[in-house]
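Each chain gets a letter, A, B, C, D, E and F, in the order it is written, and its residues are counted from 1.
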Amino acid sequence: MERASETMNDSHNARLQRALTMLAKMDSGGRELVATWLDGIAPDFARMATEFAFGDIYSRPGLDLRSRQVATIAALTVLGHADQLKFHIGVGIRAGLTQNEVVEIIMQMGIYGGFPLAVNGLRAAKELFIPAAG
Amino acid sequence: MERASETMNDSHNARLQRALTMLAKMDSGGRELVATWLDGIAPDFARMATEFAFGDIYSRPGLDLRSRQVATIAALTVLGHADQLKFHIGVGIRAGLTQNEVVEIIMQMGIYGGFPLAVNGLRAAKELFIPAAG
Amino acid sequence: MERASETMNDSHNARLQRALTMLAKMDSGGRELVATWLDGIAPDFARMATEFAFGDIYSRPGLDLRSRQVATIAALTVLGHADQLKFHIGVGIRAGLTQNEVVEIIMQMGIYGGFPLAVNGLRAAKELFIPAAG
Amino acid sequence: MERASETMNDSHNARLQRALTMLAKMDSGGRELVATWLDGIAPDFARMATEFAFGDIYSRPGLDLRSRQVATIAALTVLGHADQLKFHIGVGIRAGLTQNEVVEIIMQMGIYGGFPLAVNGLRAAKELFIPAAG
Amino acid sequence: MERASETMNDSHNARLQRALTMLAKMDSGGRELVATWLDGIAPDFARMATEFAFGDIYSRPGLDLRSRQVATIAALTVLGHADQLKFHIGVGIRAGLTQNEVVEIIMQMGIYGGFPLAVNGLRAAKELFIPAAG
Amino acid sequence: MERASETMNDSHNARLQRALTMLAKMDSGGRELVATWLDGIAPDFARMATEFAFGDIYSRPGLDLRSRQVATIAALTVLGHADQLKFHIGVGIRAGLTQNEVVEIIMQMGIYGGFPLAVNGLRAAKELFIPAAG
């Protein structure tokens, strides 16, 4: 499958470097995750989304990473994206959130997104915190 | 219109007291807001939702109010509830968030809920921060 | 603006007749509402959606109209469609629901769709039940 | 993992008793379900959500349980929560709904939430009504 | 389980014929898919939804099938319906879309529905285009 | 209000130039719209979102603008973003879509997002196509 690549040849991309630096800070496997993703069906989207999310937004100095993860865990819970929620809970723990704080954030989402989404979010957290629990 | 009231006569309700204490801490007008709401169409729901949200959840010691507001601002942005978002941005500012941090939280939501919801959230913040801007 | 009309010439449409009969039963102004709608931007959609919704689904004998309105009021509350919610609350009252039952249905939705959607639904009900309240 | 428990020591909680009584009426296994849930990652949320949902809302006399289940089945269909939908279809059958009425409710949701959500809801009902069908 | 059948006996249904003709054009297995579905839990809904979707809407001359699939792929991506998305990507390819165009449509949805939904959509496309990739 | 500006000083930004070129092609007022937006509450987000949406995604050669607008009109209809929908309908008309094709796209969304969202989308189109209709 051929694919547009005109925006691919910026080998010295400062935004991508900033994104990969941020990803390394967020998650030890982040760099590998993106590298694998680049082999997938839409490498340009993987790169552009990574640059925007982690190079443009998360790298901004105006908000600490712990707070950014509080916001993302809340949003992913009410949006119902369990896979991404697990990834960002892991990042949140690395950024200083306790497991108990993560549970509090997700519980609070029951008010705004309804109890089923909060229950699903708690289930995702449980799978991460108590792996044997399935 | 008649309405069930069997659960109304708990005049020493510890949860409601806890909720009103929390609301007073969150917003100087919170107590009046709930009092007015109690005259509305569903006073039982106003009371029960207040008890649950502010008496049961927000009053828990496991997460500081500033972090709770980061989570709520994020959730209300991706859920598209502009009115409640404005109320909770105000609470967040009282709890220690800067206007710039609120803007950063909402910007970040563009990644997870799409750009239109982030733009709508920023518009709500602008109406609160720069009233003349409409 | 010209528009496809190949499906318009079925003047003896049994589904449309069934839909209009159902609409007349649901709401005294329903027939006029559809007639006006037919002059709008997408008369074919108005007719086809009316036939499907009221001719195919609501006209089925397997569920009484009161129960159908309980379901629709619940769904429109959690979907956040305030205008259609008001219309269907009115139909529900005509089909035998009390104002108090409507309030109970919407309150219950706080559990599943979150408190803001329940509050918005109660506000729509209030505008219908207590017009002066705005 | 430590967790806030200040609200746990209310052993004579009338709301929890009312919730468990309601759950026993809704589903023979409801009491066990909550007991198991209490061992999970967020026992406080399990208890508080149970108290609110089944002790505060479902226990209210203003709406019969059959109607409450019509509303909940409709809401869970358009929200796309298949697991909770199956649980509440079961409760609805116990409360007097026929399998055919459940199918009619879910079909009707195609109008409001789109056909894919209705198809998914019907699939959940099929798994419950015709277990062998997968 | 008994079921309403008053609308079933229209053996010469022009809408159903039109729908089946459209389905045969969209997907070689479409006719069989509907036939199987008719044996399921809600054969009336299967028939009525098929008639509306493919007999009333898709069969209209005002928009070419390729454009209809662009719209449907976009909508199913932001609604998060992965199964239906795969079906309609297949139809889109048959209607003239290239794999690359499908990828571009889904990428673009990251702007409007958020990055997680775009990633999930790309994953669905990948499972279809590169089956071994899982 | 102070705000992070480290990413603002890239005056020769190729992505922003590409975005503004695309916006000028999409809508005669697009350049002014972005200029005004830059004075708002979150100029960095305005710029970064513009660069990503119109510089990275819309500018890609893999899909023609007419098809991109079919996708965006579909997505904004099912997401319920009426303001952005109007803007992108205008762009779609400039890119070659007829008013009738726009109506067909929105009608089709009734299948996937439910009838209320389709009706709301048609109302937005009507306000644009028949301004006097309000």
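Just so we're on the same page, contacts are C-beta pairs under 8 Å (C-beta built on N, C-alpha and C of every residue); 3 or more make two chains touch, one makes a residue touch a chain.
Predicted model, so just to flag it, every value in this text is computed and none were measured.
Visitor: Mind listing the chains that sit against chain A and also against chain F?
Guide: Joint contacts, listed by label: B, C, D, E.
Visitor: Quick one: point me to the chain whose Cα centre is farthest from that of chain D.
Guide: Max centre-to-centre separation from chain D belongs to F.
Visitor: Given that chain B is a copy of chain F, what angle of rotation, in degrees and a multiple of 5, matches their CA positions?
Guide: 120
Visitor: Which chain is most remote from chain C in terms of Cα centres?
Guide: Ranked by distance of C-alpha centres from chain C, the top chain is A.
Visitor: Measuring centre to centre with CA averages, how many angstrom lie between chain A and chain B?
Guide: Centres of chain A and chain B (C-alpha means) sit 25 Å apart.
Visitor: Using Cα averages as centroids, what's the distance between chain A and chain D in whole Å?
Guide: Chain centroid spacing, chain A to chain D, equals 31 Å.
Visitor: Which chain D residues sit where two or more other chains touch them?
Guide: Residues 3-4, 44, 52-53, 57, 60, 62, 76, 78-81, 84, 100, 103, 107, 110-116.
Visitor: What part of chain A is in contact with chain B in the complex they form?
Guide: It comes out as residues 52-53, 57-58, 60, 62-63, 67-68, 70-79, 81, 84, 100-101, 103-105, 107-113.
Visitor: Residue numbers of chain A touching chain C in their complex, please.
Guide: 78, 110-116
Visitor: Considering the complex alone, what residue numbers of chain D touch chain A?
Guide: Counting only chain D, the residues touching chain A are 1-4, 40-42, 44-45, 49, 53, 76, 79-81, 84.
Visitor: Under the stated contact criterion, what part of chain A meets chain F in this complex?
Guide: Listed in rising order, the residues are 3-4, 6-7, 44, 48, 52, 56-57, 60-62.
Visitor: Could you pull out which chain C residues touch chain B in their complex?
Guide: By the definition above, chain C touches chain B via 80, 99-100, 103, 106-107, 110, 114-116, 118-119, 122, 125-126, 129-130, 133.
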